[in-house]
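In the two assemblies presented below, chain A is common to both, partnered first by chain B and then by chain C.
Take a look at the complex of A and B:
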């Protein structure tokens, strides 16, 4: 809305400039509340974060908050948790995306192809994990499935005479990846399944006449048809997965050590466990930069796919 | 060679019969058109032939080979869909070569076949485009090209022209006719447009409610419809129908008394016992003559006229309220509301019994 108004303002038609000018007035006036609200919504927190990130501001040591320049940033970047946190963030986002897209495509293709009674029930069951609160599902996984004493997996291990695994302690990042994938796979299935239903039946019939088997149809028709919904899934999941927090907080608390700490958790750690608001703000800004780098790559890769069809 | 034989074919969807027993032969190099009103089962019959639907009972054989339970890919048939069903993310070239690529045909051969099809259909400059960058007529040609490259025994078309505008439809109709001759192909074509049926077909199959009403050449159907349904379905404007009863019958012919108020002697064999039975007389618009009121066989009231330039279709209503259409020269004056006299050409009349079956003329029965 705002951009279109600006465009008309910068390229006035020479024939009737006066009329143009008069039209801009009320346009600006009418959109200004929403623009102002959006600006305040963004600028104020960003400005405050910027400000906090350049001062010494620790809640444990009240007193004057003197200006320290980029010290907070250097501290955050050289924090022993920063490097593992960044790597863990990438690993988490990457593997959950991979699992949810690959399994999502396969499961929704199977659901589409298979014709059995109770398909509706299966669909609802497949999608339901998405509606469970992250904290709740993380706790369920922690106490009922992964738990080395009372967990289901432990029972299975014991049944086969093996030593139960303490998942959250021995494979913390893998455990979190499993939990988060379990939550986000339904989202992928939901989007991909609906997209699959919109595939033209006659195209499939034409392909059958052309001699394509189910696998060839999947490869040459279904997958290209799904390119766009897959892009949507990747975009949306990336946005949410970059700021993953509740699952880590309720299960491993980022440990052991920094083994399951991601950037969001690291910032929380700085701000609320060490009460260092200044350093947490600096971490937040670094996270924003990293998220933007990821976004640029994503838009390069996928945005083209989204717009050009 | 491509001889298709369909025997006692039936198809039901969840117990609801759609195709109710079809026997049909399609001979090599024939252009067969299925016509019929909407919902009569034309598409279903075509899809049964293509193998896209499973038959409920009956057999389909192609060149003595039973293909009833064969998979669609191995029937050696190609189909052109009403919505074209092009693969949207493949180029025109890839669309056409898809079947050959799947069949692992050599690169060189694929190339030459695609180029040949593109030449026939004048698609050369469009080969690298995607379907969405094409016009409707071009997409249609790509869909046909996709069928041509496979060199199938039979081409199946399901209302391929119904998404095109009128001018393009006429052009594509001619192209299809040319293609049929050029490729020496066997084609089965579904349409509900009887102009397409009449102009393209060697053999027209008129379907109604899952049954064949009549099979024959276009002119055979036009001149000798087997029953009221075919008589009313083939020909524009529609054949006019007048109710009547047989009032006298002997070896030389029978006299029909029409409710419209006249008697007419027709060269039809009828037994004396037939006197009094109700019949329907059919007459095509071009076989009715117009004179002044009182001078013809019976009088009618003129309704509106449709002027097409070359012809005028004058709609009239008989005294018994039956509508008739008359085809007269284009410069006929407007006669709305006036009383006209009509003459019927007795040799061109069609007579149908109470069941709607045609009563054949004397000469044809003797022959």
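Take a look at the complex of A and C:
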């Protein structure tokens, strides 16, 4: 790198191949602002979190910031909310991923299976929930769909002679999974539907002529073709689902008890409602570690796929 | 006995029916929200739910005086636009250099950028909150603009990178031979060619900023609060103003949903980091 810079700097009137070499300079220079910004964004807050996590720091009791070692971590890990929070996080991410990928594949396969009237409109209707603000979708579901008195589901239940269910109180986690799946299934459909359209029709036709049934074609041709888009869906959804917050904040506030608290909400609760910065920081670091495990796994799985084109 | 053509027609009619049913089911909450926004509060709370009612525009008329809707909307607009413009200023040069002057580190840098997205915001909530407080940026639009720029930057770089990479190098080579500087190369040659890509990046960034609800709920209270915060304020149990809530929500979501409809094709490509074209 250094040698080439020196060499090109001393070469006047460069011929074409040399000229490309000269450009390594601006290339490096142009990418560095973004890299520097992201580095600062990553290191400064993380460093502060790391520091806070080792001291006693409660905004309600100022001036007692002594070093406490790993005390905050043990407190956080033994907090009654930690275990349910971790389990709920996994359940949330896992089930929303499962629902959106499986239904996403099935629905987009359905759309590709036949040319029916109004396909464009169906497409637009299907993807719309993805663009709705999370706070809006949470509130619409809470007040207009799930509400035990005037919600749509209560009316449906009553129509069949059943007792209406108070969804958010009786099945808080399930309700949140439904809301979040409703938001993210359209994203999977959007990506997978477009991916399916790029499947080679001749290949499909050839398989059909060879006597392959629709299920065999789906299994051996369509699904392998979808591997990469599915990986992308999983990656992006995991990023957003691990730190799911607004939907819980606006519907159940993590309750009742810890029934719908995930780690993100638990830490928020520690920090901004109980003012325990030390413990919240410890929790934040634990969340970062968990996210990093997921990230390493995902990047292994997908990263190579994305850059080798 | 049906002919082959007839079976096929029945077949696709059936599939169409199922697809329409699923689509209507998924769209129903949005439809219901829009419908509710035209009801009186009594109709909105009625049980069983009213499908036929006397529509009214009162809710829309009252939104502004009840909550100062326009101020929140203005915050949303300025924050989304501000951070999108800022993001482009950083992302375009970075994507340019990665696409046209790649080194052995480019791939690693790209993946590393993406990995910063994996950092859960709660992990850094406390320090960002305290830093914002320290600099007097709590409840200010500037803080949100900067944060949104940072959280969307990796996606913007990736997206623009995937568009730039498909542009033949010869075009830039020609401009270079004519003595264009790097800046001229980007502004005069590259940007006009990749208008579509830049536009969809802008769109995605606007959507993400508009809908972001973690930082906006935690770092703003009144002055800088965008629409997400306004709507979250309706979550209080005593807030039985569902028709008005629906009207606010409809207004808050309509621009982005329409944006999304128009640009779905480009969005797919960007959102999938070029994995789907």
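One rule holds for everything that comes next: the second predicted complex is superposed on the first by the 260 of 309 C-alpha atoms of A that agree within 3 Å, B and C clash if a C-alpha of one lies under 4 Å from a C-alpha of the other, contacts with A are read in each partner's own complex, and residues count from 1 in each chain.
Definition applied: a residue touches a chain if its C-beta (ideal position, glycine included) is under 8 Å from a C-beta of that chain, and two chains touch if they have at least 3 such contacts.
Remember, predicted model here, so these are calculated numbers, not experimental data.
Colleague: Following the superposition defined at the top, how do chain B and chain C come out on chain A, clash or fit?
Modeller: They fit: once the shared chain is superposed, the two partners occupy separate space.
Colleague: Mind working out whether A:294 is in touch with chain B, chain C, both or neither, as first, second, both or neither?
Modeller: A:294 contacts chain C only, not chain B.
Colleague: If you stack the two complexes on chain A, which partner ends up touching A:174: first (chain B), second (chain C), both, or neither?
Modeller: Neither partner.
Colleague: Applying the touch criterion given at the start, work out whether A:68 contacts chain B, chain C, both or neither, answering first, second, both or neither.
Modeller: Neither partner.
Colleague: Examine A:224 and indicate which partner it touches, taking first as chain B and second as chain C; both and neither are also allowed.
Modeller: Only chain B is touched by A:224; chain C is not.
Colleague: So, does A:216 touch the first partner chain B, the second partner chain C, both, or neither?
Modeller: The answer is first: A:216 touches chain B but not chain C.
Colleague: Please tell me which partner, chain B or chain C, touches more residues of chain A.
Modeller: Between chain B and chain C, the winner on chain A residue contacts is C.
Colleague: In the superposed arrangement, does A:87 touch chain B (first), chain C (second), both or neither?
Modeller: Touch status of A:87: no partner.
Colleague: In the superposed arrangement, which partner chain does A:118 touch: chain B (first), chain C (second), both, or neither?
Modeller: Second partner only, chain C.
Colleague: Which value, in Å, gives the least CA distance between chain B and chain C in the superposed three-chain arrangement?
Modeller: Taking the overlay as described at the top, chain B lies 7 Å from chain C at its nearest C-alpha.
Colleague: Show me the residue ranges of chain A that touch chain C in the complex, using the header's touch definition.
Modeller: Going through chain A, the ones touching chain C are 16, 19, 23-24, 26-31, 33-35, 37-38, 41-42, 44-46, 48-49, 52, 107, 110-111, 113-119, 121-145, 149-152, 154-155, 158-159, 182, 185-187, 190-191, 194-195, 198, 228-229, 231-232, 236, 239, 242-243, 245-246, 249-251, 263-264, 267-268, 271-272, 277, 280-281, 283-285, 287-288, 291-292, 294-295, 298-299, 303, 305-307, 309.
Colleague: In the complex of these two chains, what residues of chain A are touching chain B?
Modeller: 200, 202-203, 205-212, 216, 220-221, 224-225, 227
Colleague: If we count contacts the way the header does, which residues on chain C are in touch with chain A in the complex?
Modeller: Those residues of chain C that touch chain A are 11-13, 15-20, 22-24, 26-30, 32-33, 36, 44-49, 90-91, 93-94, 96-98, 100-103, 107, 109-111, 113-131, 150, 153-154, 157, 165, 173, 176, 182, 207, 210-211, 213-214, 217-218, 227-228, 231-232, 234-235, 242, 245-246, 249, 252-253, 256-257, 259-261, 264-265, 267-269, 271-277.
Colleague: Over in the complex, which chain B residues touch chain A? Could you list them?
Modeller: Residues of chain B touching chain A: 50-52, 71-74, 77-79, 81, 83, 85-90, 98-99, 102-103, 146, 150.
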